[in-house]
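In the two complexes that follow, chain A is the common piece, with chain B as its partner first and chain C second.
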Partner chain A sequence: MMQTQTRRQVVNAFIFLGPASAFLLVLLVAPIIVDLVVAFTDMSQTVRIDEYTTDQFRKIIRPNEEALLGFELRGSFYRALAKTAIFVFFTLAIFNVTFGLLLALTTTALPDWLGGTFRAIWLLPRMSPSVVYALLWIWVIDPTERGLVNQVLTNVFGSEPVNLFLQHPMAVIVVANGFIGASIGMLILTSAIRSIPQHLFFAARADGAGPLSIARHIIMPALRWPLSYITVFQSLALMVSFEYIFLIMGPARSTMTMAMLAYTKTLAPQIGSGQYAYGAAITLILIVIGVVVALLLYRLTNMKRLLAKPRIEVH
Partner chain B sequence: MAQIELRSVSKHWGPTVAVDGMNLALENGEFVAILGPSGCGKSTTLFLLAGIYAPTSGDICFDGARINDVEPRDRNVGIVFQSYALYPNMTVLKNLLFPLRFTSVKSEEALRQAKAIAELVQIEELLERHPSQLSGGQQQRVALARALIKKPNLLLLDEPLSNLDATLRLTMRGEIKRIQRELRVTTILVTHDQVEATTMADRIICMNAGRVEQIGTPENLYRKPDRTFVATFVGSPPINLIDGHVRNGSFAVGQKRIPLSGSCRDADVTLGLRPELISVAETGLPSEITNIEPMGREILYTAQSEIGLFRFLEATPQPRMALEDRVRLHANPEDALFFEQETGSRIEGLSLAAFS
Partner chain C sequence: MKFLASLAAAAMVAASALFAVPATAEDITVKLWSRADRSGPLRAGNIVNAAEQYNNFLAAAGSDTRIVIELIESNARGFDADALELLKAHSVGDTPDIIVAAHEWIGSFVEEGLAASLDAHIEANPDLYGDIIPELWESVKYKGQRYGIPQDSEVRMFFLNNDMLRAAGKSEEFIASLPDEVNAGNFTMADFCDLAAEVKNSGASEIGFVHRPNVGPDFQMAMASFGIDMYNDEEAKLQITRSGLENYYQWLADCVEKGALPADMTTYSWDSVHAAFRGEQALSKFHGIWNLGNQLEAFGIDPLDGEAYFNKVTWINAPASEVGGSPKNLSHPIVYVVADTPNKDVAAMLVALASQPIPNTKHAVTTNHTPINYSQVAMPDFQTKGWGLAAGVPLLAYAEFMPNHARIGQYNAITYQGVQAVETGEMSAAEAAEWVVEELEVELGDDLIILD
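Take a look at the complex of A and B:
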């Protein structure tokens, strides 16, 4: 009797956890292991492993005298590191968090139908296919008079057309990614604001609080957890995201973040690809940085305490 | 301390009518209870008074001045919500200080006032705790203190005792009454517990479906209910109601005729008689016991008479009668109330001439 029950439990565990575990294994664990192995080889265009080596990391840290490109590789790695930091920080700080928060605060303060309409508009870029979205941006910042920005500049302000691709490449990818990232922040924060009991707002109003005080004393405390969540998870997501950067900027040096570098050095259909071991090494470093950043932010935002405590009083 | 007046105030939510043409006048320092079934518009009435909702039509006046468009913060109303609505991220002390942030009170003075009000509701030891670390009764006191700290003109209590156990409820009833008397603040207590309403309030407003059915003292609502709804809602066990007709100065049910005292044209009426006012005697209405329910100190009997079912109470520890016993029910004929069936209104001056 007991035995059949425990067997039942084991079988149930397999049935329920099996698919998810298989998914994790095939799509997450296996690639990480492959990456870990390849990073310590010399695999390149031929996709053959001749020897196991730490050469790839050495290339990054100090100039490689043997290879002609050695110095260049090192330089591009550090540049990619800096660009990733700039890209992640500004996209997150300006759009995903700040703009997402502003959108959530304003759209929940508006009447329902109006707020809903605004949110729907902000969700459009996320719902449209990424290629379409990227094409739209390419048209917006087109350096000729055809581009939207330049049309406005020349027709409305009468100034010279600008080439944002060349002049402000980082700003372009921050804004393009930010418009999408903001909608995620907006959605999470909106639902968090919605889940604040209505009576708390009533109480605050009866106690004499105006809209700003309500935002500061009632809404913001309830958003601490979702804000930490957005910060941690969006910074990780942005760190490895290259989809829009690649679609809008192509393999341009000016926007070569770590993820872009790993991609162009390995799989991108462009000159310079096929350096699998080098790309794997960069990816491995990216994974390590991701883990460290996640743990740091976890500590910084005190997520453990937030996870443990009831976030909103329920009676 | 304010004198409050509602002049045909209505609140609609689309097709839903939450409050329907409400008229009400409260004296300075008065304690009234709003009593009514769930969904009858009690909370909505409070929120209208607090300024959280704006009335669809009608006027709300404080001390004679129309305040329909005055913001909640300028009304100086203290409100205790059914859920208490304490700010979860603030300590008890911060909760108490919150209303004072928006006044000109200096921080030292504010702290002194918070301590004083905490003492009044006996939560001095809890000031550093968060609401999640308090029991229901403690939360309720904090909510009360937060509502009182501004020295409000009007105190609104939305079913503040509904989450408490029976003993605590009894103590808190007394506490609230004591504090109200001490501060002499005009107070409205919302409840659907009639014992709470009758024990605490000077006057009771009985509401049903957004309308005021009757306003009066507890005694008044019990003895002279204006309408069938009030008669059934106030009093426990509920009043006995028997449908019949007025025919030539008699109350007629089937073939049975009971003479009436007072005059009334022929109509369909309902007889109302409180269970507490019926007893078993040598003479009276012949009946047969059909049900016996011990209720602790009292026993509730149900008896079938010629004109219908009557429930009555006897304060004996053990049942004195058994099922199917034939008894005679006695009541003072002038205690009988009559309501018009069509309108539900009580017919003034009409009662029975005999009860047999």
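Take a look at the complex of A and C:
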């Protein structure tokens, strides 16, 4: 009897946890292990491994006796790291968090139908195929008089056309990614605002609180955890994101982030790709940075408390 | 007649070999790997037609054997991406029998055990290959052996819009003398830059000149003008000179500075590059002879009227970097490679048939590529429709090829990064040269010789 029960528990565990575990293993753990192995090989052009080596990492760092650890990052790698930091920080700070929050606050303050309409519009970039979205951006910032920005600048303001590809490439990728990222923040924060009990708003108004006080004292405290979640999740997502950068800017040096560097060295068309082991080494460093950043943010935003069991069960 | 006899003999040999096995109906499936490419559908099509010819020979010899072509068309965006797809397929045992590829990949194909040496096949069939323009064989050699059959050839040039030169006040004599002045080494790269800037500043053009917006072979001819010899044949290694690279980058920087070259050239799309010259915005563009068809259409010139075209456009080689130097050109043949598979002998014969003057001329005149056989120039199609190609042949005298080295793609990608850095003003020529040499050294290691 007891044995049957134990077996059933095992079977149940297998049924319930199996799919998720398999998913985790195949799609998340296995690629990291493959990346780890490939990074220490000489794989290039074909998917064959001839020898195990640390050569790939020598392409990223060079010995320097004066440096703190006895080595320094090579120019292109250092540059990619800096560009990644700028890209992630500004996209996150300006759009994914701040603008997402602003959208959530304003659209929930509006009547339902109007707020819903605005939210739907902001979801459009995310819903449209990435190539279409990128093509629209390419048209918007086209450096000739055909580009939307230049049409507005020359016809409305009478100023000279600008070439954003050349003059502000990082701003272009921050804004293009930000418009998409903001919608996720907006959705999560909107649902968080909606889950605040209505009576708190009524009580606040009865006490004479204005819209700003309500936002500050009732809404914002309820958004702490969703904001932490968005910050952690989106910083990791942005760090490895290259899709829109590649589609809009191509393999331009001016927007060569770490993820783009790994992509151009491995799979990107027509830019000397096919160096799979080198790309894997860059990706491995990106994974390590991702883990460190995630742990730091986890600590800074006190995610442990969010994920902890609630002390009181509210019914 | 001799050629036909040779063909028949070849077919008989193949047929008799097949007769040695029990005479049952048999299909030999030959896998053909070709990039789906609008600019040369007959590269694959000629092999399919060759199989039909081959089957006629087999049928005439009473054989039940039939050649069936299985076409594997990749959607790769360029020949580099296509070659990488092929190498991946090969590494998992999915090797095709015939490959249509850009010649510089031959080094990689040989190193990976993909390409079969064709020396014995070529020597055994002199009547099938005896008319091929000898210089073209250089493009398929790797470590002294031939691993491919040139499928087409081309020549690259700086196209100049004569109407813009006239509008800028240049005389007919000046325009007519340009190609010879370039070849004599009197008109240099710097002069070209000044001319483009002068025409632009006079208002005759909106843009001075444009080049390709991505990594590719064209830059090699400009680099060669500045004394960069990319390849050491004896050691089969790539090479670079720091001073040559700096001079080359300085030239680009000067062109941008003078307004002859747009600073954001490397962010252009291909469409914008084409539109700049065909839409008569740019004085000049440096690219290849296959642009001719589209230029004729864009300028509204009768495709049979060579005189009208050359009244509108002048072709020059890449000028020398210094007075008295030699101009440079680049030919970038697409080749047939036969893979080292059990079908390699049949595959090689199909390639031989597809490389004969008639099929090759069909490809050459419809896609504006120069011929691979001498006799093609005398064919009626070439005489009427191929006037532009005939005009391109003299430029071939200055042509060089890309090195058939496995890592030339990486080499080009890194030197192109320098082009981007200099043109956008991110680095000075000296900084870019220094950085590019370091990157080349790091990525290519033992495959690179640094000359200075």
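One rule holds for everything that comes next: the second predicted complex is superposed on the first by the 294 of 315 C-alpha atoms of A that agree within 3 Å, B and C clash if a C-alpha of one lies under 4 Å from a C-alpha of the other, contacts with A are read in each partner's own complex, and residues count from 1 in each chain.
Note that a residue touches a chain if its C-beta (ideal position, glycine included) is under 8 Å from a C-beta of that chain, and two chains touch if they have at least 3 such contacts.
Bear in mind that the values here come from a model prediction, so they are computed numbers and not experimental data.
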Considering only touches as defined above, state whether A:249 meets chain B (first), chain C (second), both or neither. second
On the A-aligned overlay, A:290 touches which partner chain: chain B = first, chain C = second, or both, or neither? neither
Most chain A residues touched (candidates chain B, chain C): C
Between chain B and chain C, whom does A:161 touch in the aligned arrangement: first, second, both, or neither? neither
So, does A:58 touch the first partner chain B, the second partner chain C, both, or neither? second
Touching partner for A:76 - first (chain B), second (chain C), both, neither: second
Examine A:202 and indicate which partner it touches, taking first as chain B and second as chain C; both and neither are also allowed. first
Touching residues of chain B toward chain A in the complex: what are they? 47, 50-52, 71-73, 77-79, 81-90, 98-99, 101-103, 131-132, 146, 150, 163
Of chain A, residues touching chain B in the complex: 197, 199-200, 202-210, 213, 217-218, 221-222, 309-310, 312-313, 315
Residues of chain A that touch chain C when the two form their complex: 45-48, 55, 58-59, 74-76, 138, 143-144, 163, 165-166, 249-254, 264, 269-275, 278
Which part of chain C faces chain A closely enough to touch in the complex? 76-78, 80-81, 84, 87-88, 90-92, 108, 112, 214-216, 263-264, 266-267, 269, 272, 406, 409-414, 416-417, 420-421, 424, 426, 435, 438-439, 442-443, 445
